[in-house]
Amino acid sequence: MESLFLVNLTSPPLLFFFLGAAAALVRSDLEIPAPVAKFLSLYLLFAIGFKGGVALSGDALDGRAWAGLLAALGLAAAVPLYAFAILKRRLGIADAAALAATYGSISAVTFVTATSYLDGAGIAWGGHLVAAMALMESPAIIIGILLYRLYGERGPGEQAGIDWRELGRESCLNGSVFLIVGSMLIGWITGQRGMTALAPFVGELFTGMLCLFLLDMGIVAARRLRDMRLGRMGLGEGAGIPFLFGFAILFPLFNAVVAGSIATLLGLPEGDALLLTVLGASASYIAVPAALRLALPEANPSLYLPMSLAVTFPFNLLVGIPLYHQVLRWLVSS
Amino acid sequence: MESLFLVNLTSPPLLFFFLGAAAALVRSDLEIPAPVAKFLSLYLLFAIGFKGGVALSGDALDGRAWAGLLAALGLAAAVPLYAFAILKRRLGIADAAALAATYGSISAVTFVTATSYLDGAGIAWGGHLVAAMALMESPAIIIGILLYRLYGERGPGEQAGIDWRELGRESCLNGSVFLIVGSMLIGWITGQRGMTALAPFVGELFTGMLCLFLLDMGIVAARRLRDMRLGRMGLGEGAGIPFLFGFAILFPLFNAVVAGSIATLLGLPEGDALLLTVLGASASYIAVPAALRLALPEANPSLYLPMSLAVTFPFNLLVGIPLYHQVLRWLVSS
Amino acid sequence: MESLFLVNLTSPPLLFFFLGAAAALVRSDLEIPAPVAKFLSLYLLFAIGFKGGVALSGDALDGRAWAGLLAALGLAAAVPLYAFAILKRRLGIADAAALAATYGSISAVTFVTATSYLDGAGIAWGGHLVAAMALMESPAIIIGILLYRLYGERGPGEQAGIDWRELGRESCLNGSVFLIVGSMLIGWITGQRGMTALAPFVGELFTGMLCLFLLDMGIVAARRLRDMRLGRMGLGEGAGIPFLFGFAILFPLFNAVVAGSIATLLGLPEGDALLLTVLGASASYIAVPAALRLALPEANPSLYLPMSLAVTFPFNLLVGIPLYHQVLRWLVSS
Amino acid sequence: MKPCKRIEIVIEQPLARRLADRLDELGAPGYTMIPNTSGRGDRGLRRGDELTDTFTNCVFIVACDDEATVARIVEGVRALIARSGGVCLVSDSMWVRH
Amino acid sequence: MKPCKRIEIVIEQPLARRLADRLDELGAPGYTMIPNTSGRGDRGLRRGDELTDTFTNCVFIVACDDEATVARIVEGVRALIARSGGVCLVSDSMWVRH
Amino acid sequence: MKPCKRIEIVIEQPLARRLADRLDELGAPGYTMIPNTSGRGDRGLRRGDELTDTFTNCVFIVACDDEATVARIVEGVRALIARSGGVCLVSDSMWVRH
């Protein structure tokens, strides 16, 4: 078991994440300029979407694959519901709904890192998992906002009723969702012909770009942790930070158990099972926060963003991926 | 005939252009940060210039190649003259001169897309066409401004006389012109030795970078169309938008006929003929607008920039290139 | 001898440096957006650090290599001391200390260009030279600031005493130092396995990225020279610009003689000897200025930054590297 | 030159488009938007280092010479920043007409 | 602290160098330039998303404590923005001398 | 709306973190920071084109409605820019409370 963790922790992308975190912790002025960080994230979404689409174009989906897609959709709808049920006992309705959306959705970069972990270990995975990821981005946003409308009181600045068009746009047409889905479509349309033209770009550069991106994520995540510790996030006293930290670790673990069990029951292949588990366990820090600031400005981003970005994301990257892998192997072999 | 169009429309770069346009039309917040878009455009100019220079260093120019270069220069001088003659009947002198410069000059990205179309179809083209492109960028700017000085009234803020040094700098030393010419020179000097060092950078990445750049162009072009439709470009009522749209499609077609006929008369090889035709049909949205804001601030950029960027450019990309190709084939075979 | 210079001057990276300088001199608006220039520099530090670390992981350091590292450290400590002794006769204490730090430290990009010069010439060099470079970045900063504290008067805004923690952070944890050291560590940890994953990114793209970066450096360096000539740097009249220019050329030459002699005495292999000489001769324009603005805001950056960036850097690039190479060959053969 | 009010609004970047639309509705004669700023306020430190711009601010500047419109803008902006946080300053200025 | 005028100019990015040169000629004691802003005015929406910066603005801030120089700057800027569009605001301020 | 002072500080980018910490210490209720600006002043032209931001400026805006705090900020900033260069302007404004 140790070896899976060690191999994961000593892969270049993870080491660059540590390097970034270390830079922020010792207060080095190392920094990736914001437009470049955005470019790196666009690149990753473009590349993973395109590669997934090309893979999809190659093989017809069998029954198991369809079952996996359905399971992904089911997870994306169920997680925010039970997350909200738990959270509304401790937090305000807006914050509970926002966290439900955050944890119900997924993190594309965690997914990407898991695929690079699998590639490194020589384990195959199916291109339709990229479709699963894309499918899981938006439903939780919609459900979170509906929950808020159902349970919340209406503030002075808010209109009555739900503007479904706005809501649809903010959840499903969010830039990162749009780019993944679009690139996947283009990969699917152009297939092997497209891959020949783009292989050096989306293939050979991938690990290097992922390293630089995780360097940036390490910097930002560690800064947020420091800011939280120093009380700079404007969270006030009684915010229950220990509860939030606990939630940000234990809830993904719980979701991993749920997702992993489903994957095992469905008999998904090893790589696909791990990816579905990682999707279940991951929380969004790009698509969901971007949508929530528009659709739910009452929710405090200083809660949901640091939790998913600075706690759950590193946890999944460093411990989660190899842990889920180990447990899945154990489940299958037993 | 259909197949040429279909192959063109389903190439990854074109599909990413559509994706960008779709993002803007549904008002997704997908966006390429401005410094990154500038970098992508610098990369494309660098790569096409360098590759052209290396190609030039390999083979001595024969008579036909020289004739092609002369024809390119002739086109760049003639087009703004007849454009101005047509336009000054409908528009003010400043706007007519600006549009003459815009349509007399060329679009490097249209050219680049055409080369990638030819590469995809396995049709050879000569490196000296890059020189032709570089030659065609500036003359139209100078002619446009001279036409304005000749026909226009002098405004209150303007000096009498022409500052030739300024004019030369703004037209010929414009950043994008400078980079193409400079990279071409460097490619020519370093030849095959330079290509060995730079091949992965300027060669293998090219299609991927072009995809990302066209994604951005799709976004910007579609936004401009929307802004125009919603009257947000500050154009006022009587701007004659239908006339402008018609001009932005029909005038390139006319120029394509002129350029294509010359290419056929000169007996240029298939690839070179198509590129010369595309140069003739394309309109500038980088070099010329940048120069015009300095040299002719009276002209309204809300006219000339959307016309070349949001109408002529997509038209050439989507329909023009395969259409000109088809017609050239027909001309040659008949 | 001529051939070494010519080969150097006609390498693509150097030609792009010229192109950038030419663009600035003719006042073209060619420009690399600032975030992109920062990205290019991060990339170069990342790539050179990683490659150096991988190389280090391969071979155990022998006695000569250790001697080289010690010599590097000795140089980094000695140069600022004698630089300060010379400079404080002509300049204020703050400026003398700042220049001592600048010239005692090194320029990573000059080093990188020298490695690419060696690669082009097919001459081997050892990965531990990257470690030598990293070791030489910070000591001069600390020494420069201590010299200022020792000799300078305390201004009104300054605290008494030295904040060693701040000083350590600003000199050793400076972003660029941190990235080189960190990438080297990661390269060393992941070794050949890491290189397999990152080779296309840190290897094949390297020359292209270096070309674009030097294009930017050419622009900035030439702008600074112009600004100095036109008296726009706020240097006042009696700044002794001829003295500064002379220092910025002659002092590197002197340091090259010192470093080259040590390298020859230690019997370092050709490539390593040249790199050590280049390190000795180079002056910092990234790590040191960044640290000095925090630690020594009294020193005038309009003195030390243009000197290292716009005089010493181009001198080393264009003339220094092949000159030192020639002299080292001559020393060894005699 | 004629007297006018200079309204300056700091709001988070993701709401920039919404504020711009609001200003259009409220009849602002124009505005200028400075993106990518950072800051600190009641809701803590906003470093402007996030991919989503969730912790990034922007600054709007509006020159307006019509008192009624100024009042309308102030009220409209107040409602928006009550929900999302932000700052609005109003000062006297002179507008140079060209 | 001494009283001064704070002049704020919004102009399109491509003309920034020209305005800076003009300010130098007119004797401005200094200026600060904020690049890459967007906006809306009489000439429509300027999104700041163009490669050429043709639809991008920038903001100049000039502090000036000499009335005559202020008047000169205002006149010089007025001529420039009459040709190209833009906005110029002048307000009272205090300059903290160091 | 209540009256306040609008303090505007131009300082070089590398000192931004130091100024922000100083403002926190001095009790500023908040601030907004505009990065990546260029400019010209007594220390010459600062083009903002350097990798190290050594010749890049930034602009801080501080709204403060407490006179004593304003005085403290002005003194603290004066000391900082005396060492490093920069500009500080103070003007009257109205703060729209949400």
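Chains here go by letter, A, B, C, D, E and F, matching the order in which they are written, and residues are numbered from 1 within each.
In the analysis below, a residue touches a chain if its C-beta (ideal position, glycine included) is under 8 Å from a C-beta of that chain, and two chains touch if they have at least 3 such contacts.
Everything numeric here is computed off the predicted structure, so don't read it as measured data.
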| item | value |
| --- | --- |
| Required steps from chain B to chain C (each step between touching chains, minimum) | 1 |
| Co-neighbours of chain E and chain D - touch as defined | F |
| Greatest separation from chain E - chain, by CA centre | A |
| Chain at maximum distance from chain F, centres defined as averaged CA atoms | B |
| Intercentroid distance (Cα basis), chain F paired with chain E, Å | 19 |
| Cα-centroid distance, chain A relative to chain C, in whole angstrom | 41 |
| Interchain centroid distance [CA atoms averaged], chain A/chain D, Å | 33 |
| Distance from the mean Cα position of chain E to that of chain A, given in whole angstrom | 44 |
| Junction residues of chain F, two or more chains touched | 34, 36, 41-42, 48, 82, 91-92 |
| Multi-chain contact sites of chain C, meaning residues that touch two or more partners | 31, 33-36, 38, 200, 204-205, 290 |
| Touching pairs - complete list by chain label | A-B, A-C, A-D, B-C, B-E, C-F, D-E, D-F, E-F |
| Of all residues in chain C, those that touch chain A in their complex | 33-36, 38-39, 42-43, 46, 169, 173-176, 178-179, 182-183, 185-186, 189-190, 194, 197-198, 200-202, 204-205, 290 |
| Residues on chain F engaged by chain D in the complex (per definition of touch) | 1, 4, 6, 20, 24, 29-36, 61, 63, 91-98 |
| Chain E-touching residues of chain F, taken from the complex the two chains share | 8, 10, 34, 36-42, 48, 57, 59, 74, 77-78, 81-82, 86-92 |
| In the complex, chain A residues that touch chain C | 10-12, 15-16, 19, 22-23, 26-36, 120, 200, 204-205, 207-209, 211-212 |
| Chain A residues touching chain D - in the complex, by the definition given at the top | 31, 34, 37-38, 41, 155-158, 219-220, 223, 227, 232-235, 285-286, 289-290, 293-294, 297-298, 300-302, 305 |
